[in-house]
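Each in C-alpha cells, the structures are laid out below.
In what follows, chain A forms one complex with chain B and a second complex with chain C.
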Partner chain A sequence: MTLKNVDARGRACPEPVLLTKRAIDQSPERVQVFVDNTTAMENVKRFAVNLGYKVEITKDGQDFVLKISR
Partner chain B sequence: MSGKKGIILTGAIVGILAVVLVKFGNPVNMGLCIVCFIRDTAGGLGLHRAGVVQYIRPEIIGMALGAFIIALKSGDFNARGGSSPFTRFMLGVFVVIGALMFLGCPLRMVLRLAGGDLNALLGLAGFASGIFLGVLFLNRGFTLKRTYSLQRAEGYLFPAVQLMLLLLLLVRPAFILFSTEGPGSAYAPVIISLAAGLIIGIAAQRTRLCMVGGIRDLIMFRDTHLLTGFAAILVVAFVGSLVTSTFNLGFEGQPVAHADGLWNFLGMALAGLGSVLLGGCPMRQIILGAEGNIDSVVTFMGMLVGAAISHNFGLAASGSGPSANGRVAVVIGLAVVLIIGFMNTDKAADVKMKGDVSIDA
Partner chain C sequence: MGLGTSDDAAVYRVSGDKAAILTMDFFPPVVDDPYTFGSIAAANALSDVYAMGGRPVAAMNIVCFPTCLSVDVMRDILRGGADKVMEAGAVLAGGHSIEDDEPKYGLSVMGLVHPDRILTNAAARPGDVLILTKPLGTGILNTAIKADMVDDAGYTKAVETMAYLNADACEAALETGVAGCTDITGFGFLGHACEMADGSGVTLEIWPAQLPVIEESIELAKMGIIPAGAYNNQAFVEGRVRFEEGIKQEVIDIMFDPQTSGGLLISVTEDRADALMKLLKDKCKTPFGMIGRVKKRGKFSIEVKDNTPRYT
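Our next item is the complex of A and B:
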C-alpha cells in the first residue's frame, strides 16, 4: 500500500483539488494533502467526501493536513 | 455557512441587491458588474477620458472592505504572493478587454440573462467555451506556481487604497471625474451602494462564490457546489426583474449591450479562459485581494489598467456594437492568453514529494 503525499500549499484554485485527484488516481487507498488556506482545505475535503472517502483534518501552524482514506 | 445553503443564500443576496441597486439608480441590468465598475473607477481617476463611464463605484470599495473585515475576524486573512505576478497582471488586462467587448463581467452576464437580454446567451456560450479551454490547460498541468508568505502589512495596503478611493468619492476633489451622462451618471446613493458591497463582500468571502469556478468545477470534477450560487443569482435576479418590471426579452435594444453575437461570444471566451487561468472570476479576485492575496491585488491593478487601455485605445464595445480596434484586441488577447497557457504548462505535472512512502500491505 502506498501513502501518497501532496504538497498543495500556496497553490491557487483549483490546483489543490487537481493535485489531490491525481494522487488518488495513483494511490486510491490513502492520500495525505497539505494546504495552507481554508478555501483549499474545504475544496479538497468536499472533493474527497464526494468520492466517498473519509477525511481527517489536523491543523499544523498555518497549514492544514488532510488525511484521506477509504 | 460553508455548505450548500450558504452558497445559495449568497447567490440570492447578490441577485436581490443587484435588483435593488438598479431600483435606486444603477444602470439597468448593471446593478453589479465588476469589470464595468472597475472601468468606471478608472474613469473617475482620470485614467481614461471616456466621459460617459467615470464614477468611483462604492460597490467595489464595499466588497473589498467587507471581505477584508470578515477575513480578519475569521482568521482567513493571510498576506501571500509571488505566484507569477506579472502574468496575472497581463491576464487581468485581457480579461477586461474581453469582458468590455461583451459589455460585462461574468456576474453582469448572469444579470443580463436574468433581465431577458438574449445576447448574454452567446456570452454564456463563449464564457463556457473559454472555461472548457482553460480546463484543458489545467488538466495538462498548467500552473502559475505557488505563493509565498509575506508581511501582514503588505496585505493591509489594498483595503487602505479602497478607503482612500472612498474618501475621494466623498470629498469630490476637482481632479476626480464624474460622468454627467451615460452609464457612469447612473448610480444609487453612495451609502446604499457601499452597504450592498459590504454585504456581498462578507457573504462572498465566507462562501467563496465565484462565477468561473461554477462551470469549471462542473467540467473538471462534476461538482455543482459553486454552480448553485451562479444559478441562485440568475433565478433571484430574474424574479426581481419581473417584479420591478425591468424584464425585457430579446436581442435588440437591450440596455448597455450590443447584438453582435460572434463578438459577444469571443469576448466572453477570452474573459472565461483568462479567468480560469487566474483561478477565479473578477469578483473573486477582489475578495482574494482583500484576504491578503497580493497576486489578486496585482490582477486587480491589471484589470484597472486594462479598463483604461480599453477606452483610451477604443477597444471597448458600445451599444452600437464592437469597434474594429476592439476586434483586433480580442484576437490578440486570445492569442496571448493561449501562449501564456502553453508556456506555463508543466509536462511533469506529477508532483512527487520526498515524504512519499510505500508501506507493505
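Our next item is the complex of A and C:
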C-alpha cells in the first residue's frame, strides 16, 4: 500500500485542497497532508470527510499533519 | 450612532429633519474583470447607507493602483463604480488615488436620512420576523472563482448578487415601516446577526432551511473551498451561537462565509412581515427569504434550529 505525502505548507487556500485532491486521485487508499494554518487544516479535513475518508489530525509545532485513510 | 452596537455607518445630524450618513469601504479585486469589480466594490460601499435606511447622495473614489498595470484597467474599474453610483442616484464627486502593489477600489459615501427614520441593528424586538434579501455563499464562490473552479452559471449568479444594489430592499423596508436592519458583509451572516442580537438585547432564532443560498456554494463548501474569513468569523462569535444537533457542516460554513456586498437583514414586526415579503417579491431581484424570528434575550445571541431538509 503506497502512502502519498502532500506538502501544502506555505500554500494559500484553496491550493491545499486541490493538492490533496490530486494526491487522492493517485493514491486513493492513504494520503498524508502537511499544512501550516488552521484554514487549510479545516478545509482539507472537510474535503476528505466529505469523500468518506477517515481523517486523523496531529499538531506538529506550527504545522498540522492530516492522515487520510479509508 | 454609538460604537457600542457596531452599527453600519456614522451618522451626523445636520438639522432637525436631516442627518448625514458617512461610510467608506474598499478592497482588492474579487473578480478578474475590472468593470465588474468596480461595480461590485461600489455596490458594497453604498450598501451601508441603505442598511441605515438612507439615500446615497454623493460618493468619492478610493483607488490604489500599481504602475505595472495598464491604465485601461483602472479606467474600467472606475467606470464600473461610476455606473453603479449613478444607478444609486448619487453624484460621484472625485476621489483620491495612490500607488500600491495590489489594486484596490472602493468609495467613500455620504447619504441622507431623516433622523427619526434611521434603521439600526439595535432595533430588533421580540416577536419580530427576520428577512434576508440576498443569497449567501459569495465568499466561498469568490475563493473558487480565483481557482477557476466555478462554471459560467455560478459565476454569473455570484457577480449579479454582489453587484446588485440594496436600494430595492431598502425601499421595501422603508415602505413597510421597519426599524431593525443591517447589511451582511465580512463578518458573515451569523457575525452580523450576532451584532444585531447583542445590539438589540434579544436572541435571534434562525431557520437554516429558509436561508437563500447560491446553490453552487453548497458543493464547494463540502469540498472545503472555504475562505479563512469564515473560520475567523466562527471564532469571533464563539460561545454566542447555539446550533441544534444535526445541522450540516456545509450549512454552518455558509452561515459564517464572509459576504461581499451581501443583502440586508431586516427585523420586521410580525403583522407587517407579509406586506414586506410581498413588496420584496415586486422589487427585489435576488432570492430572499423569511429566515427566522426574534425572541426575548436568552442565554445565546443566536439559536440555529435544525429544519434543514432543503439542502442535501
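To be clear about the criterion, the second predicted complex is superposed on the first by the 70 of 70 C-alpha atoms of A that agree within 3 Å, B and C clash if a C-alpha of one lies under 4 Å from a C-alpha of the other, contacts with A are read in each partner's own complex, and residues count from 1 in each chain.
Simple rule for what comes next: contacts are C-beta pairs under 8 Å (C-beta built on N, C-alpha and C of every residue); 3 or more make two chains touch, one makes a residue touch a chain.
What you see is a predicted model; the values in this text were computed from it and never measured.
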| item | value |
| --- | --- |
| Which superposed partner A:Val17 touches (first chain B, second chain C, both, neither) | both |
| Touched partner set for A:Asp7, first chain B, second chain C, both or neither | first |
| First, second, both or neither for A:Val44, with chain B first and chain C second | second |
| More chain A residues in contact - chain B or chain C | B |
| Which superposed partner A:Ser69 touches (first chain B, second chain C, both, neither) | neither |
| Contact residues of chain A, present in both the chain B and the chain C interface | 13-15, 17-18, 37-39, 42, 46-47, 50 |
| Chain C residues within the chain A interface of the complex | 143-144, 146-147, 149, 221-228, 231, 249-250, 253 |
| Touching residues on chain A, where the partner in the complex is chain C | 13-15, 17-18, 37-39, 42-47, 50 |
| Chain A-facing residues of chain B, complex | 2, 74-76, 78, 80, 83, 138-139, 143-144, 146-149, 208, 210, 213, 216-217, 220-221, 223, 225, 278-280, 295, 349-351, 353, 355-361 |
| Chain A residues touching chain B - in the complex, by the definition given at the top | 1-7, 9-15, 17-19, 21-22, 26, 36-39, 42, 46-47, 50, 62 |
